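Each structure below is given as structure tokens.
Both complexes shown next keep chain A, but they swap its partner, so chain B is in the first and chain C is in the second.
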Partner chain A sequence: MNGKHIEMHGVRKNYRFFTLDDLNLELEPGQILGFVGPNGAGKSTTLRLVMGMIAPDAGEIRVLGHAIPAEQAIAKRDVGFVSADMRLLPHATLGWHMQFMKSIYPEWDGGYATTLVKRFNLRPEQNARSLSLGEHVKASLLLALARRPRLLILDEPTTGLDPVARHEVISEFMDVLRDERRSILFSSHNTVDVERISDSITFIDRGRIVESSNKEDFLDRWRRIQVQLPPGAMLPELPNIVGRVTDGQFVTLTTNQYSEGMRALVGPHVRDIQRMTLEEIFVANVMHHREARGQ
Partner chain B sequence: MNIVIRKLIAKELYVNRWFIAGGAFSGAASVLIATLGKGGFNIGALTWLTTIIATGVMMALYGIMNERKEHALQFVLSLPLSIAGYVRAKMIGLTASFLVVWAVSCAAALLLVFVKDSVPDGLAVYLVLLCVFMLANFAVVLCGAMQARTEALNSAVIVVTNMGVSIFMFTVGPLPGIQKNMWAATPVWNSTFWTVLGCELAVMVLAFTLPFLLAARRRDFL
Partner chain C sequence: MYSGINISQTDARPMYLQILEQIRARVAAGDWPPGRELPSIRALAAALNVSVITIKRAYLDLENEGVIVTRHGKGSFVADVNGLAGELQDARLEAHLTEVATLGRQLGLSEEDLAARLRRALKDLDKK
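Let's look at the complex of A and B:
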């Protein structure tokens, strides 16, 4: 199947105090989509919709070509899901879970599972209840990865992990992506992790998609321009300015469509033009959209 | 039945293995205790009842509520099955787990009635109704646990079903058609018996069916 791994069109989900609205999302084979948003933005709700755990009130969801939630049982044969919230069955050992997955998934790769057990320093005889948060995430990841699924859906998998565990987990994602037929939808509020592994990024805030683009495109377009204005001087009208902070004669402008022409427009008063980190872009983007929506 | 549902049913039997073993042992042991004179009979009967009721409640609570509370439900729902498939696996798996305890306990009690000379065989009629009632009671607890999404609602179901056991004993025992034949030398399967049994079976069928009609069609399962 060569179609998109995930398609969401006009999806809406209403709760009493929260609405996910007009959600459009696409994930191509071989793509890693970083799904970034603040707490309560709707990331987990979106991923649960994709997994068929909850049903949309409107819109269409297709995963690996199958309609969700109606055909979720077929679609999920080739989907690995890991969430920071998710726990394994408390009365069973990791070894039992591995046997359980092996009995369900014919593609289960026992050799790879053993490698991951060693790499993640896990013990198969350990009861799931006694696993730490980091071990739980790594164990869940092991169970998802050793099935060799075409699509990995990861809901904040690095949340609460120490830097070493985070490094181990992220490295494993990188390994997965050596196979270009596989894709990852990765939600997080940790932009450092997302910046490291994603090739596309979607920002979500308060139940709405703020912006979706290629990672390099985001990093290329967004700039912080620092200007020092002499007394009495005025800044010319500049296009695509999404943020402006004035401190005496110093003005810091944030643009989401930087071009060399902007430098020429501002003229000799430019002191510095800085690239922005993904975190800075994310914050500026969210704040800009909140202002635009009058929130 | 697809392999995931079959494996999930097997999972329930595995996860509940200690409940099953402990419950079955306790049910059979309490019948043995009941053979030890009048005091033993009272203690044995109480332990026997408690074993069956407590095993059913704990299986339903641990199997459904705790899975949700401990966030293991997401793991199960991430497997290749639908919500209806999950409900099916859960209902069959937990019922199968409970049935082992119930069957061992009830068989032991019926054996006692038919084997021990000091216990009249006529008591078997009431005992059969009590056993079926407890199976229906489990079905209601299971149905409640599957439907209810709060601990408060679950607790309410448990309180009501526990009260139901007392109500059964106070209402069914004194029924003329049951009471007058309770000490008979042979069981009397009269119309009162069949009417009560019919009511119990109707409740059981309803309780076992409702989750397939309601929980299985729930749009949001988390």
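Let's look at the complex of A and C:
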């Protein structure tokens, strides 16, 4: 099967104080999709829709080729899901959880699970209740990874982890991707992680997708252009400017469609043209989007 | 295995370019000789904890520059062109010379001044 791992088309979900609307999302096999948005943007709701835990009010969702939520039982055999609000049973040990997963999932890879226990520095005999936040996250990830699902859906997988633990976990994600038949969808507000390991990125804000693109395109298209205008000089009309801040003679422009021709267009007053980090792009993008929608 | 390649968050250059330049430097230095197989895109992505698409972009640009060749289904190899390493070094020298010339002009140095400075730099190098 070479189809897409996730497809969402025109999905809507209404709540009393919040609406998720016109949601389109696609994930190809062999890719990592980073799903980025502020708190309350609708990230977790989207992931729950993909997992069939809630049903959409409109639109179509397919996971590994299966319609969701109707065929979720078949799809989920090959999907691993981890979210921060999932809790292990407090009075059971990690080892008990591992045995439990093994008894449900025939694909459970005991050897890999043992390797992960060592790599994540966990103890199978420890009760879930006494795990630190970071250990709890790593234990949950272990239980999902060792099933070797084709699709991993991770809600804020690196939140609450210290830098070393984050590095361990991210290495493990990249290891999964050595197999081009597997894929990962993960939500985060840690843009540094997303920038590093994602192949494509989707920004969401206030229940709407702001932009979806492959990562290299994102980083290539956005630029900050710093201009110094001598008194009397005027900036020519420029296309694709999404932000403009003027401070005396100094003007900072933000563009989302940079091309080499732009430097010549701005003229001789350009002081600097800078690339932007994903975080800067994200903030500029969300601000521009909110302005355009009059919010 | 490829831990020698570093990606810096404080480097203003994009990640793909940092990777590309470090591979180019290895080829230029002769550490990665012609015909040597490069790590697969997915293996290097996993080793560096960087997305597959970033490595793909670096390899594609190296291919366009003629530094590596990719044989479909077989992998990527350092290009088997005679003197490629020399050419790369030469291109670097050319770029530096242009910069020196530009700086020299900005500082108002004459042609003779610049040549003298270069001779002095060569002498300093010999002393070391």
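Criterion: the second predicted complex is superposed on the first by the 295 of 295 C-alpha atoms of A that agree within 3 Å, B and C clash if a C-alpha of one lies under 4 Å from a C-alpha of the other, contacts with A are read in each partner's own complex, and residues count from 1 in each chain.
Here, contacts are C-beta pairs under 8 Å (C-beta built on N, C-alpha and C of every residue); 3 or more make two chains touch, one makes a residue touch a chain.
Just so we're clear, the structure is a prediction, and the values are computed from it rather than from any experiment.
Trainee: Please indicate which partner A:M287 is in contact with in the superposed arrangement: first for chain B, second for chain C, both, or neither.
Mentor: After superposition on chain A, A:M287 lies in contact with neither partner.
Trainee: In the overlaid three-chain picture, which partner chain does A:Q31 touch, first (chain B) or second (chain C), both, or neither?
Mentor: second
Trainee: A:M174 contacts which: chain B (first), chain C (second), both, neither?
Mentor: second
Trainee: Looking at A:L88, would you say it contacts chain B, chain C, both, or neither? Reply first, second, both or neither.
Mentor: first
Trainee: Return first, second, both or neither, reflecting whether A:I104 touches chain B, chain C, both chains, or no partner chain.
Mentor: In the superposed model, A:I104 contacts chain B only, not chain C.
Trainee: Quick one: classify A:L265 as touching chain B (first), chain C (second), both or neither.
Mentor: A:L265 contacts neither chain B nor chain C.
Trainee: Of the two partners chain B and chain C, which one touches more residues belonging to chain A?
Mentor: The partner making contact with more of chain A's residues is B.
Trainee: Please indicate which partner A:Q274 is in contact with in the superposed arrangement: first for chain B, second for chain C, both, or neither.
Mentor: It touches chain C, and chain B stays clear.
Trainee: Thinking of the overlay built on chain A, is A:M51 touched by chain B (first), by chain C (second), by both, or by neither?
Mentor: first
Trainee: In their complex, what parts of chain C are in touch with chain A?
Mentor: Residue list for chain C touching chain A: 7, 9, 12, 14-16, 42-43, 45-46, 49-54, 57.
Trainee: Help me check something: in the complex, which residues belonging to chain A touch chain B?
Mentor: Where chain A meets chain B, its residues are 48, 51-55, 69, 72-77, 79-81, 83, 85-92, 96, 100, 103-104, 140.
Trainee: Within the complex, which stretch of chain B touches chain A?
Mentor: Touching chain A: residues 2-4, 7, 11, 14-15, 66-67, 70-72, 74-83, 85, 219-222 of chain B.
Trainee: Help me check something: in the complex, which residues belonging to chain A touch chain C?
Mentor: For chain A paired with chain C, touching residues are 30-32, 167, 170-171, 174-175, 177-178, 180, 192, 196-200, 214-216, 219-220, 274-275.
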